[in-house]
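Shared chain: chain A. Partners: chain B in the first complex, chain C in the second.
Right, the complex of A and B next:
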């Protein structure tokens, strides 16, 4: 370990890190992609992608044309729904759904108003396109609520209770929304996208840098110098970590902060430290991939192969609790899972190290194991 | 018949700002084997692609069989009559298809009727001796076999013109000779015109006529003999001791002076043999030359002279502070029974040799003979399966990283960081080798001076011309003043001027600074620069001697080299082979053969060939080249292997 701290060793780490940074900054295409990912891509994700039901187009197949049917149809209003005309025949309605012109069709049977006025049981049908299951689920449940409320009102009127509702003991369900009181999708989607982008580059950049050395043959040149495997690999990780932290800062202070009022409640120093640890952990995966890949194209494919399960297992898209048992176990070895906890915790909840220590520890351990495996494979390949 | 096969006028092609071909003109007559000779990036491939109708160009006209190739449609008209073999070993073939399937594919692609395809395939595979491997997938073929298969696939539709882009690059000398022999025979029999490029200047005499390419321009056109005659002069080969003192004196008088192992090689431009001797004696000022040989220059000497006349500089600004050599007999490199197995395959098999400080040692061999494996074991990149490699006194297997500070290594690909500038590359390696700021400054000044890189400091390494890039890579390998230098195929693709300057530097390093240099090469002309050679075959060292000793040995075994210039070379070769000269090979309009009774055969053979209706224009004795030695040795070994199996 003594040699490690000697002047020459530090100089080696320094010149190698400097070299990695120079090479990265000279790769114009990669830099453009990098800057876009940390700005434009995150902006789009935060502003465009929404898991809320907004202005879903709904067509009415009105077989009744009564006051009651028009009243019901008119209750499908923005912001959730948007009336998209009426369909003449059931076939037409299906075609609208098939074409994706509308998301839902409200089918009101003949004599709907008449039977309702007589107090008979009537049914309306809501056909919903649930290709996107979340939005479809929301549309059908909101639709059911609207229809249900209208039914209640009609029933109440008939019973002579007026539109004031039932007077009597009723349980009031009072939900308080924590951390994201406006249920602002931009925060969730923006952070989620930022973490994805960090993950992507943490795998891609070191892997690309490594495989470029393999392709060019410079790796052999380095192997005959007094550099150890650690001195060859670690500077790549340092350089890429610095660059990714810079990208993260741009995304937070240039996009999510000013553009979407992301609160950033916790310690930013802690957030950046944890991000650095996460990048180190994930960079090890990239280096491991680079020992397998022979060229840049293979690195690209491997990055996708690694990234997709990491995202799925992280809990970014589905809560881990909803996964089958075996996937839950796999999720424990996905570093993104821990990073996600920590990032949402610090930025939205203001959590500190007192609650995050276990995530940080797990991430650190994973990092050491993965980086060690990468060095081991590298050593076997060239040793 | 009077329509030339190819007529090119003012051909210009740019890639962005870079001018690849700058107003090239040439004419190829039907039935000729026409050569484009030049280094990488000289513009050969651009011209060949344009002639084949697969590359749009910026200015000039290209006519093939009288049809102007300037649009898709006109290109389609001549494509039927053309066969094109692009550069790169087997790149146009399908690696997973067998030999036969590849040939069938190209035959059907070209619409050859089934019956004809069968007959042509039989004929071509027989001539190329590939018929016994019909079912073997292409990827399992050797480089030479791939190239022969490429040729078969190019000829399957019986084109009138074949365009072969560097068919012999990366192919070992034996397969290369074989390739030329087959090509000569096929073209003669089928009456095909051929446009062939090569980066090897010593292959120029395989062609009827050649164009010398340099940096997008044609430097000269004509038969090899005509080109050699454009710069009259004498090539003198001799020894003069002490060589390290004789060399600078000669250089002052003759810019084209080279050290070749213990020999000196001087091109005395414009002087006949006696006057060349006088001038050399005068330049040496008291050091007597011994073992004097004077003969006509080779094409490479002439090419370098042409480039010099156009302003190219040969002298490297080698710093004068070079120390006087410390006389040393220490062994710098020692291989003792080095063996490396890859599965069952013995890449290196009990390789032993030793290199003292201050020697240039050449490791020769075909691709796959095990040269690179040996270098990798000696530099510590690869662990030997058994045996020992000692470098600078330490065992490479057990020596720590510290030993690596005494080793310099330059790999085949001149592994520089192309996106870093010249100075950034040098500083990077200075830092890697742990030099402090002051040392790094001193050494980068030295590298820039030595490599002639002044003025290029801030250029990206990837944009340098090949010669400069090569010297920069050498500089980076030398930045920490290693005692031992390993060079793996250092000069592939570099033009002759660049190659000369490179060897000049190596000579200085070995003689002045006592650096031991181990170099692998498949350029046989370069092997002549080495003090000592080891020839590798199938992982083993099969010969280990100085270049002269190797030549003398082959001469003693198989005879001296004769060159017969004849009017009909192909039948002449056949007649000579029938007369018992198995070594007879085609070299353009000449035939080379080995003779045990040189004087007798020189007198006898012209008459004998005249009986067969062949006129011998000249019959001369030529010095054996390293390539002759290589081919002779390896052919014998291959024959022995075949007998054994």
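Right, the complex of A and C next:
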């Protein structure tokens, strides 16, 4: 290791990195998909995906046909709901729900208006399709807000608690949504997709490059050269990191910035530095998998084993607060968990190193451990 | 096309898979592991949201109000913050996702029968979570408001509290949750996980299996033999279809046995649909393997074509109705969306052929097209 920083050593690293890059660029199908992943795929995810309830079709089963029932039904409006007409009979309503034509049915009982006018308490029913539980929850929550508001207005009028509007000892919440005030899904989905693609390539490319050498036997050629294990492994990571950083830059400045007005509030230099650290850490995981696997087919399956839990349990697609305790502990050893905090922090919240240092430190430590383990295993296999 | 050759090829492929112990075990371990991991860990519920409160009022009313949030299982109280500046840092550092600011004279206003303003700050980086949070906060606020109104009415008019409660809430909403009465997300998730996992693993297995022959050169044995392209494709893929179909049945058993998801549909119908779907996803792997030369490329293409659409565009996490045209086109162009209709229909709704025949037809057409395409792309006399 004492010759580590000598000229010859640096030249070896450079030459090996050059070799890795050449090998990568010559796989045309791979490069085409690489470009697609960092442009088209991110564009589609950012523009096409929304986790919010928008224009959910709602049918009305109006057993009353009074002024009051029509008034209540007419309050289910866009942006959350979209009136899908009258359902006719309860059987028809159920069929509409079965076929997925409507998401909810508002069932107003006979004599609704009359009983309301007499000061009775009347129950209306909302049937919600909860095959998708998130949407089901949102639909019933908005429904409850609409009906609650209507009820309060009726009560206010009836009890003379104020004319028209509502007054009284109520809570007036002024809700502010920070960092993404318009709830633009493109920002969240775009970044999430970018991090997914980065993770995918950061694990797969180095692992595959390593095992390919093993499978073809070219690793034996490298072993007889004066190159150390580090000098064989590290250039692979440098080459992949360079390529992935280039892809990230294309995605940020070519797709997310101009296409979706992603704010990028924090320091971009810091963002790219942390991305490089993340790719290094994750590549370590890939290399570790490569030392276990004998052929590419095995690497492929091992990658799925590493990649899918990382993506799904780190909070890239779902909120992690509600996960069971032991799962949250698993998330701590996932570098993606820290990278998510850092990426959303820098791009959307404008946070700097003063708040992110703990995430960066954890990621760096993980990287050193994983990379060290991979190098150790590699050294024992071929040393 | 000779059956004997197909069997011989399938047997050879089977032996090759079985001999690679790690690969063979991973082929079965991966789907089961993913099912367990996602089933327990992947939840779309928004719970235990960390939150903090800045209470400028410090009255009994403001403490009561705060307590409503503390006692809710949706929120996880992280403590009082001294001022709004501290909230900035806490929100930016992901330590809290929600903050309440109760202004001075909160209790006084309520006591005088006036509306009391409260400020709610929500971390909006994850819009789905932010919206759900907003829903919870609105529900608590409206419950508090109704209570206050009822108490004011009861004190002012001298009516009993119970009657006052009914009078301030003339319309009551009863929500009935259909198909999944308890809105437990595991019930809606487990069937869709079968779809997801069966989209992930077969294309990977297949693409790797076929490209392996290409990359190692053993495919030249096939080129020079009397085996016809059709026989090769069927024989080659049969073991992968069999492995994946078995996996699908294991996942079905896990969904019903472990997660207790009710299965209301017709098992024979579902098995047929599962087989068709597995043939589709295996065929997807086949087409990928025809288009690329190296296993690295096969893996990348398989993961981009399978993972991302299966998670994002299949109706698993996201409503299909809210997809924009581009994403919607991808959703319609790939099999997961149709199979999602079938699993949800079979598990939760208990509908069969009558409601789902169109989806079955699409899957069948899809399988045929993929194999046709694979057949066309496979040439025993490659150009180079």
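What we mean here is this: the second predicted complex is superposed on the first by the 364 of 383 C-alpha atoms of A that agree within 3 Å, B and C clash if a C-alpha of one lies under 4 Å from a C-alpha of the other, contacts with A are read in each partner's own complex, and residues count from 1 in each chain.
One rule holds for everything that comes next: a contact is a pair of C-beta atoms (placed from the backbone, for glycine too) under 8 Å apart; a residue touches a chain by one contact, two chains touch by 3 or more.
In this text the structure is predicted, and so the values were computed from the model without any measurement.
Within the superposed three-chain model, A:11 lies in touch with chain B and out of touch with chain C [touch as defined at top]. In the superposed model, A:27 makes contact with both chain B and chain C. Contacts of A:19 after superposition: chain B is touched, whereas chain C is not reached. One of chain B and chain C touches more residues of chain A, and that partner is C. In the superposition on chain A, A:224 contacts chain B only, with no contact to chain C. Shared-chain residue A:154: touches chain C; no touch with chain B. In the superposed model, A:208 makes contact with chain C only, not with chain B. Contact with neither chain B nor chain C is seen for A:39 once the two complexes are overlaid on the shared chain. Annotation: chain A residues 27 touch chain B in one complex and chain C in the other. Listed in rising order, the residues of chain A touching chain B in the complex are 7-9, 11-12, 14-16, 18-19, 22-23, 26-27, 216-228, 382-383. Those residues of chain B whose C-beta lies close enough to touch chain A in the complex are 376, 379-381, 383, 401-402, 404-405, 407, 409-413, 415-420, 424, 427-434, 436, 476, 486.
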